[in-house]
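Here come two complexes built around chain A, the first alongside chain B, the second alongside chain C.
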Partner chain A sequence: MKPVTSSNHYLERLLQTWSKPSPNTLPWLKQLQVGALDCVNTLRMPTLRDEEWRFTDISSLTKLPFPVVSNPSSLQLSDIEAYCLQEAATRIVFVDGQYAPQLSCVDSDVVAGNLLSLSCAYEEEIAQHIGQHIDSKDNVFAALNTAFLQDSAIVMVPCNTTITAPIHLLFIATQQEVSSYPRCLIIAQSGSKATIVEDYVALQAANYLTNTVSEISIAANGQLNHVRVQRESRQAFHIANCNVSLARASNYHSVSVALGAAISRVNLNVALTDEGAECTVNGLALISEQQLADSHTFIDHIKPHCSSNQQHKCIVGGTAHAVFNGRIMVRPNAQQTDSKQSSRNLLLTDKAHVDTKPQLEIFADDVKCAHGATVGQLDDEEIFYLRSRGLSEIAARDLLVYAFGAEIIEQITINSLKQQLKQSILEYTKHSE
Partner chain B sequence: MINQNSKTLLEVRGLHANVNNIEILKGVDLTIKAGEIHAIMGTNGSGKSTFAKVLAGHNAYTVTAGSVMFEGKDLFELAPEERARAGVFLAFQYPIEIPGVANNQFLRLAYNTVQTQRGKEELDPLEFDDFVRDKMKLLEMNPEFLDRSVNEGFSGGEKKRNEILQMALLEPRLSILDETDSGLDIDALRIVANGVNHLTNQDNATILVTHYQRLLNYIVPDYVHVMDAGKIIKTGGKQLALELEERGYDWINAEGATL
Partner chain C sequence: MSTVLQNLVNQPYKHGFVTEIESEVAPKGLNEDTIRMISAKKNEPEWLLKFRLDAYKKWLTMTAPEWQNVKYPTIDLQAISYYAAPKPKKKLASMDEVDPELLRTFEKLGVPMHERAALAGVAVDVVFDSVSVATTYKGKLAEVGIIFCSISEAVQDHPELVKQYLGKVVPVGDNYYAALNSAVFTDGSFCFIPKGVKCPMDLSTYFRINTEGSGQFERTLIIAEDDSSVSYLEGCTAPQFDTNQLHAAVVELIAMDNADIKYSTVQNWYAGDENGVGGIYNFVTKRGLAKGVNSRISWTQVETGAAITWKYPSCILRGDNSVGEFYSVAVTNNYQQADTGTKMIHIGKNTRSTIVSKGISAGHSNSSYRGLVRITPTADGARNYSQCDSMLIGDQCGAHTFPYIQVKNNSAQVEHEASTSKIGEEQLFYFAQRGIDAEEAVSMIINGFCKDVFQQLPMEFAVEATKLLSFKLEGSVG
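Now for the complex of A and B:
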């Protein structure tokens, strides 16, 4: 592929691969795509001069305008077994951005599938939500995702229904030098309860771009458990925008794990739009070599009596670079807000680097907000304690790194995924030696 | 128990050590034979805890002179973990909390590492569970402490019991108990002391580093040493501890000054 020189040239080249919505596309979807395309045309690629991107240099991405893939995947179930979760009864699989029905399965209690097959039966619900929770106007990646929106993973959890088996949304990358625009729409109706795993994997080492958008709406008294796993190829780019909207007395619990990608950026925006809503937002970045993992979160306390609890951890080895920007807004009438945030970072080498920025904006006067950030190395006294019990220095370090990360992984309720991720930490410690 | 025919386990000669370039140990001499229990007493800052940590190999301390032979081997040639495997055990004054590491995972890892180094069989999780629960009975410990993170949220007494549990698992030749009595109420002190007494035998030896005579009512020493300003300035039998309890430390210093 021929590299491009300027970031605007990148957008131009990218948009050359954009094709007009086909005539039989639903009108509201067509309108959404064209509207987003108009946004893209008014925007440019961010650089280090943009406040929101000042720690994360994506200039290497803007040299590579990867095209989209249009042919369906020929993968078979046996090719992806390693990534299937035995507990999941519903699995929706996209390969390089294309829906793969032969790899997907749906449990009868839940409405799940892809946009193209569900848009007739559930047109009203989908149209009401898709594109409504994400703002394309000043976010070029979200705008691009929407402009290229052809299909989407859709999950609807019906009113007062509890889905015990996790729902697995699996996005598989198989090709070199392509862009994919995965999309998720999750609608948890009132009083529903479900667990959703949003999982990005690569079958081989390759450079490609995943630009994903997830919209999650949780209606009154709904409960959603969201596990987000980013285990892309270590040469890939992963850009994600996830917006969550919580209604009255609803609950959102998320664990987001970043393991892969050369450069990853996740924007997670959680809006507590009505009283009594609660969210727990936990994250772990486990990176080494020259990886960069950036997590920007925004928790917006709009109404009174809501609570948020956030714990973010980074384990950084090699010359890797982790970024955490945790913004919490408490709006003027959001009295009785209870908000906690903690950012803890472990640097394993002298060249590992972390930028952590808690950002509290509090405009109400009767609130409880606590936050803290630490950056450090492994504790010498802890290492000595373990060595005095016979563990080698390496075993002691590995155990402490493992423990640091496992605290976040432990919050995942799906056993097989928890074991896989714990195994990833163990392998990480082996490789970083 | 003193037996002149026992073999020497530890031989400390003229030991000097610094921390942050300040000399703390200024010539410690001590010989310990198998089967013996030695108490090292002294005021704050006398160097007792430093001595304990130097024996275990803490890297904050620099040995500047002297030698320590452990069962005929130069102790300073060994890394902390090699000392542990060879049979040196330090029960910490302030046991470290390790959030995220389950106590049973830690205990099994330590046990199996030491077992392997000693050419013995490892135990799998189920076998180890039976084994460790049995040892916990000795210390009247609730098995729920196995599932909690190492020392996290443990009370002072629970931490010290957890230390002695590790001693029970690792079966050291030389145990150094650094202020194990501090922060213990009388019941916990009795339990911990019972545990230690149960673990001492003809083949191992114990150093009790302590401030107070109280512990020595429960674990009876063969020798009592008084440390002051980085040296052992007086050695006696268990009576010496009682005398210290009654008269304090000043008379020894005065006695030293008149010599």
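Now for the complex of A and C:
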């Protein structure tokens, strides 16, 4: 791969691999793609000079314009067994950004699949939502994703339906030096209830880019439990944009866990668009070596009587770098807002570092808003307490790190995934010694 | 929200008047000749002219920053006159010789210099527009070796000190307005506390902007040598004008080993009328360098005036065990905007910093706290505690928090807390039950809210600040 020098050159090279939508593409989809392409052409790659990217240096990414996968790997069920969740009745699998029907299965209660197969039967609903919850105008990665949008994972939870088994959206990376543009559209119709796992995994240690966009719409009284797990290869780049829109009295609960990737960046935007909406947004970044995990969240209180609760934790070892930017906006007239935010960061080595910015913007007076942030290392007194009970210093440290991370993991309701992630923390503590 | 409070908030500015004194005003506009003219007028040495010209060259390459959370029309810096001084008169031997008009101005402001000096033991270095006209208690301070004078005097009398320290904490190219200030500053205060001296009284300066259309570019430099300590007060009031006036000051503090500098500000400049017309633009660069071991720099500010306040008094904690403090109350009303906060840069070992910021917004105003706590890799055992609370009065105002926390050392402990609240109906009801009317109740609640900061102010400032706050917010709650 020939490295490129300027970031505009990077976009040029990426767009060279862009192919015109085929003639039988749906007209509204074609329009969406071309519109996004126009957006890309007006934008440039962000640098450290941009406020939104001032702590996350993606210059290493902009040197490598990975092309889209041309020949997707064909995998067997046995190849991905380790990543399947036993509780999940519905599983939608994408390999290197391409739908893999042979690995997927769908439960009859829910409408799930890929865009191409569902676009006939549900064209109206899909067209109404896809590309509508994300703004490509000043977000070059979202614009790129939409420009390269060929297929998408789609989940529609019908009205007043409760889906107890989790729905697993699995995105697998198998190839070196490629870009993939996964896309998810989740529509929770009014009064519905479901749990969705959005899972990014790699089958080998490889250098590639995942640029993903998820759009989630929750209608009135809907409840959605969203678990996002990013366990990409340690050399990969992972850029994600997730936009959630909540209608009246709906509820969104999310846990986002970042374990992998050399550089990962997640933008999670939650819009509370009507009264009585509630969201809980939790996150954990568990990183070491030279990893960088960046999480930008934006919770927008647009209407009165909404509440939000956010807890974000980072465990940083090696020479890793964690970034958290949590913005909470309370719009004029969004009275009776109740918003809590906390950012807690644990630095395990003297080379690890963290940049955190919990940010409040409040335009209404009758609100309760509080945020807090802490950065520190393990408490000597806590270690002493455990040692006085006979634990070795190392065991005491491991236990405290585990407990710090487990507080977030515990909120995941899927047992097998919870165990897998807890295991990841245990392994992390072993490696970081 | 009741009308009582509305009325309270909307009290007219009590210090609005223009003193008619003949001023010597430079032609409007900024170029190298203006700078040479200022320098020549002030009979400055060659190195200072070079300092100004370097700053000017840097400034030409810079653009006005836009990241701050305030909105204002572009300032035409060429429409400002960069030098205004009361006509030079013969040296004044006593207060009686000061222009009576000038004295009356201070009288109106409630700054009876002689009285205050006598009663409270405060030496007031009065900066009227840009030239220092009267300095009291100089002799008394000189006895213990303290130099407290205007910076132009210091340039003449102690050039070696000024040369050694000027621009060392805020470099000429630090930011757009600091560069502008470095190029065109006309006057300000200079204070030097020699080794081992505890300053026997609080030092104080009153700033006034007087000539319409003249930007004020103050420069303050305070140096505290080993084992010394000083408390410095700065207070501001300005007359009522319709055109916006720019104030871009630079304040530099340097604390050596075991030295202690306390810098307090009460700012009550003209904030514009209730429709947001007029008012002062207060764009200030304030920075302290805690250079020596065990040194301490403490900023306390009460910001009630100015159409736009935009300043971040900062501490660079370089010496081991040095301490930085920032206590702030910012009150905005009508269409005022404030973007203020602090930067704490921890470099030395076991450095500690405390940030307490209280923002009160009423009317259509917006106030932001923007702070940076940076722990560099060398700052082992650094400790920071930040607390920033906002209070909103009315539903048209905004309160914002932008705390940046950057930690590169795992032995550091950093904590940040913020909350937002309003004056609740129940609170007012509780006061009413006890026979306290809404107005007084609000004043009491606000004073309680700001107590942590007021406690840090010197006595006479605390009294003034409490009064200031209640009349600023008079009529805004109910």
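One rule holds in what follows: the second predicted complex is superposed on the first by the 430 of 433 C-alpha atoms of A that agree within 3 Å, B and C clash if a C-alpha of one lies under 4 Å from a C-alpha of the other, contacts with A are read in each partner's own complex, and residues count from 1 in each chain.
As a working rule, a residue touches a chain if its C-beta (ideal position, glycine included) is under 8 Å from a C-beta of that chain, and two chains touch if they have at least 3 such contacts.
Small disclaimer: the values here were computed from a predicted structure and weren't measured.
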| item | value |
| --- | --- |
| Partners on chain A (chain B, chain C) - clash or fit | fit |
| Chain B versus chain C as contact partner of A:Glu382, first or second or both or neither | first |
| Contacts of A:Glu81 with chain B and chain C, given as first, second, both or neither | neither |
| Partner chain in contact with A:Gly390 - chain B first, chain C second, else both or neither | first |
| Which of chain B and chain C A:Pro358 touches, first, second, both or neither | second |
| Which superposed partner A:Leu347 touches (first chain B, second chain C, both, neither) | second |
| Broader residue contact with chain A after superposition on the shared chain, chain B or chain C | C |
| Spatial angle chain C-chain A-chain B, Cα centroids [nearest 10 degrees] | 70 |
| Minimum C-alpha spacing, chains overlaid - chain B and chain C, in Å | 14 |
| Doubly contacted residues of chain A, that is, touched by chain B and again by chain C | none |
| Parts of chain B lying in touch with chain A, wherever the complex brings them together | 56-60, 79-81, 83-85, 89-90, 92, 95-96, 98-101, 106, 109-110, 113-114, 117, 149, 166, 170 |
| Contact footprint of chain A on chain C as seen in their complex | 67, 375, 377, 390, 392-422 |
| Touch list for chain A against partner chain C, complex | 51, 55, 332-333, 335, 345, 347-377 |
| Residue numbers on chain A that touch chain B, as the complex places them | 379-382, 384-393, 395-396, 399-400, 402-404, 406-407, 410 |
